[in-house]
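So, here come the structures, one by one.
Next come two complexes, and both contain subunit A; in the first it sits with subunit B, in the second with subunit C.
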Partner chain A sequence: MANQQPSSGNPRVDVAYRRKKSAEEMRYQIVSFTLMIFLTIVAFVAVGYEGFSGWFTVPFILLLAVVQVIFQLYYFMHMSHKGHEAPALFLYSGVVVGAVTILAFTTIIWW
Partner chain B sequence: MSTYAQKKGFGAVLWDYLTTVDHKKIAILYLIAGGFFFILGGLEALFIRIQLAVPNNDFVSAGFYNEILTMHGTTMIFLAAMPLVFAFMNAVMPLQIGARDVAFPFLNSLGFWLFFFGGVFLNLSWFLGGAPDAGWTSYASLAMASETHGIDFYALGLQISGAGTLIGGINFLVTIVNMRAPGMTYMRMPMFTWATFVTSALILFAFPPLTVGLFLLIFDRMFGSNFFDVANGGNTIIWEHLFWIFGHPEVYILILPAFGIFSEIFAIFSRKRLFGYSSMVFATVLIGFLGFMVWAHHMFTTGLGPIANAIFAVATMAIAVPTGIKIFNWMFTMWGGSIKFTTPMLWAVAFIPSFVAGGVTGVMLASAAADYQYHDSYFVVAHFHYVIVGGVVFALFAGAHLYWPKMFGTMLNETLGKVTFWLFLIGFHLTFFIQHFLGLMGMPRRIFTFLPGQGLETGNLISSIGAIFMAIATIVLLINVIMTQVKNEKVGNDPWGDGRTLEWAIASPPPFYNFKQLPLVRGLDAYWLEKMEGKNGMTPAEPLGDIHMPNNSFIPFVISLGLFIAAFGAMYRAETSWGLLVLILGMAVTLGAMFVRSIKDDHGFHIHKEDLMDDDNDKGVKA
Partner chain C sequence: MQAEEKFTYETWPAEPEKATLEAKNKFLGFWFFLGGETVLFATLFATYLALKDKVPSADHALAKDIFEIPLAFAATMLLLTSSLTSVYAMYHMKNFNFKKMQLWLGLTVALGAAFLVLEIYEFYHYVHAFGHTFTSSAFGSAFYTLVGFHGGHVAFGLAWIITLMVRNSKRGLNLYNAPKFYVASLYWHFIDVVWVFIFTVVYLMGMVG
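Right, the complex of A and B next:
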């Protein structure tokens, strides 16, 4: 829009600040990316290893999946940043509504 | 741009409305389409009451009665109440937050056309072999057994219009989150905007279960699946749950905007700040949240078991608490105010006892053990008409009078407005109060006739007489609308004289860009604040600059038309040779239109600063 103002009066301050911020951001990205690769390998190992029964493996990789989703949302999709409170609120509300539905279906309809 | 032309031919106006992406014009489209369906649903209601006026009546046959009854409920909820609520949300909410339009004007138009084509599709069932006849709840065990294409019309039509509603809801959410004027914090938002916000969130979470349920129904009926077929391992109860997980939030989707409209009215015409604003916000959010935890109170008698019944009974009763908070706040708003009994205020004052009566019967129904007696009797019919008519419909009438000047620039006649009010109020209580007792005396709901000598004659006759009053009231309103449009006396920014929020700070109707300069909001009731300090308008929050506007587009119409065509294909696919072809053709139209939309860059246009300065002198006369 034509009327928008730049966020800071001094463009140079802005650039310096942003550069620092981006470097920090990059570090997080790399750390979480490594972690995610690691978690994926762990999941494969858990499935491949003969010693674990299905009763361990299935819940375990589901847990890993949840962790990965959280990483994905917070680090790659920037939900950790300020200004994402509203999306976070709606995401969690959706999770609650979905969970209540599943809970109801599994308790009072099917079993 | 269209608005600069003063006189236009009918064709040009029609084309303008078919392609418009302006929230104010889309609001008018919703008002007209919703009003049309409201009259249609009202006629169906009259037929129901004529049939039930005397025992053993044969005005309509049993099968046809089922169709009328089903279409009355479905039309009123999905095609009348929802779009009328959307009309006010579209017309008022962007103005209240000081925005130039909604966040996605194109999607706004798409939402309307999807709703419209879905509604038309559903009603075409009357001419194509019979309307749906399994009730507005369309329980699967009945729906699967229905032999005509009626249920297919229901499932496909609601699927299309439901997509439109979902799109509209998401659009409102993004608008409120992102497009509030400078200074408009969440806790400075007018109550109607808050109601729109929570309602939209409910739409976002409640419509997907309906979509899923409808798809299962479509697959079962048209594509040979067995989700609800018990003989093949399916389960009909799944539909009931999916429907009510949607259905209960749906009733709050209707009532929260009504609460919002009344909150505005009480404050405006008591000429006082809304009492307990923050507790009102809290109660609205809480109602929205609890609304998702209570759906099984519609299913107490399906055999959920005592534990589930108890949990849902208590959760249901809990909703009465935030509702009570709101009732008291409205009364305290009036307390000590200098009240003006205009038409909207009359509706608002009458709303309180009417709605409370509905709430009280709601709590009675929520006691699971007692509900075994009430369930599927006229007592339930009385309950939901007290809340829906006494709450939602009253609000729609009130809102129509209140916002008519903002939407059309003219005032509805107050005397005729009051005539409408009294006729409707009397008719409403005549029709529905007695139904509580009919229900307690054992009259089941959804029956097409009753026998003489069971004590049901007088009650039913009174009920039918009441319906006539409501019909006359509606006709008076229509006359009022026509008279007002013919006279066409334009009014100023703040025709009620006591407007508190931003929409009253600009012309009626506002210019197509709404605010020349975005206003600076310094508190709740932003416009009132400025007036109290002796200013005659808002302080601008930005220098005058070019305004970026979206171009009109015909694509939303085409996308919706494609789905409308595809729905016919899906329905006739199994029994005709051309069905599949039509299905593919329809989908091709829709997807093709979406493709065009995504590859064609449309950057909109700018209104230049100089043009804005030019029409400083004649502001208020442009639509």
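Right, the complex of A and C next:
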């Protein structure tokens, strides 16, 4: 069969294997979600807290955002799975072009 | 494998979103589109960063005057949770459970709609309480273009998911519609990815000053 399922020739074994795999993946996704909520709360608290200066807060919350987006991309959007080489190429090409644009626009107003 | 073939839980492929040629093409094409969307939003972010707080006179409200933590936090929680509910929907899609997939997609739509209502209220509030409009300053133009474009994506995503749910409500899952649901959920996650940067760069950095 041109089917893509891992085939042991015994459908019951395959189903049991897949059920285990999905349960495992779901666990990762729950952990990612908890971390994402946690990072969000940390970012809001860091901004709400008066004691930090902007020179600390801004890079800190940007770092939290990047970490959170990595969780979203690799776990929620499954980029950690096999067969995501082309998606990674497309996305990171977009990120490179975007980063250059942001760099250009933020430096052109510097003076 | 035929797209319209009837499946059972046992025969449903492990990766239905990539099981047919059309599905593989959709998957690849959609990620290519997301690469383009990344550039689109990056340019809007760049514009916003360059024009933030650029107002014609001192009586215009600045970012630190208009943004408040509770509103931005509530919107963030709604959208983040809707990302999780769409993950659940895809979990049930992979387990060939059409009813549960529809249920979780319904919850995703409800959370997304709540987000959109909150955003409309927010814009209304800025216009009426601060006179912060699209044409009041370069800051206003950049802000409404960036956040409004994201809101437009949310609205489009809602219409897309609702359309899929209604059109396939009697069909059940097969290899014709599974990739469609999968791609729509990717789009929904991408909207959340963009929002993570919006709440950080626009709202939180705006409040820092």
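The working rule: the second predicted complex is superposed on the first by the 90 of 111 C-alpha atoms of A that agree within 3 Å, B and C clash if a C-alpha of one lies under 4 Å from a C-alpha of the other, contacts with A are read in each partner's own complex, and residues count from 1 in each chain.
By definition in this document, a contact is a pair of C-beta atoms (placed from the backbone, for glycine too) under 8 Å apart; a residue touches a chain by one contact, two chains touch by 3 or more.
This one's a predicted model, so the numbers in the text were calculated from it and none came from an experiment.
Chemist: Which holds for A:Val58: it touches subunit B only (first), subunit C only (second), both, or neither?
Modeler: second
Chemist: Using the superposition described at the top, determine whether subunit B or subunit C touches more residues of subunit A.
Modeler: Touched residues of subunit A are more numerous for C.
Chemist: Taking the superposition as given, does A:Ala104 touch the first partner, subunit B, the second, subunit C, both, or neither?
Modeler: both
Chemist: May I ask you to decide whether A:Ala86 touches subunit B, subunit C, both, or neither, giving the answer as first, second, both or neither?
Modeler: A:Ala86 sits against subunit B and subunit C alike.
Chemist: Counting only touches as set out at the top, which of subunit B and subunit C does A:Gly94 meet: first, second, both, neither?
Modeler: both
Chemist: Answer with first, second, both or neither: which of subunit B and subunit C does A:Leu35 touch in the superposed model?
Modeler: neither
Chemist: Just which bits of subunit A does subunit B share with subunit C as contact spots?
Modeler: 1-3, 86, 90, 93-94, 97, 101, 104-105, 108-109
Chemist: Under the definition above, what is the set of subunit B residues touching subunit A in their complex?
Modeler: Against subunit A, the touching part of subunit B is residues 173, 177, 201, 204-205, 209, 235, 237-238, 241, 245, 292-293, 296, 304-305, 308, 518, 542-543, 545-548, 606.
Chemist: Considering the complex alone, what residue numbers of subunit A touch subunit B?
Modeler: Interface residues on the subunit A side: 1-3, 86, 90, 93-94, 96-97, 100-101, 104-105, 107-110.
Chemist: Where on subunit C is subunit A touching in the complex?
Modeler: Counting only subunit C, the residues touching subunit A are 1, 9-11, 13-15, 18-19, 27-28, 31-32, 34-39, 41-43, 45-47, 49-50, 69, 72-73, 76-77, 80, 83-84, 87, 91, 94-95, 186, 189-190, 192-193, 196-197, 199-201, 204-205, 207-209.
Chemist: Across the complex, what residues on subunit A touch subunit C?
Modeler: Residues of subunit A touching subunit C: 1-6, 11-12, 14-15, 18-19, 21-22, 25-26, 29, 33, 36-37, 40, 43-44, 47-48, 54, 57-58, 61-62, 64-65, 68-69, 72-73, 76-77, 83, 86-87, 90-91, 93-95, 97-99, 101-102, 104-106, 108-109.
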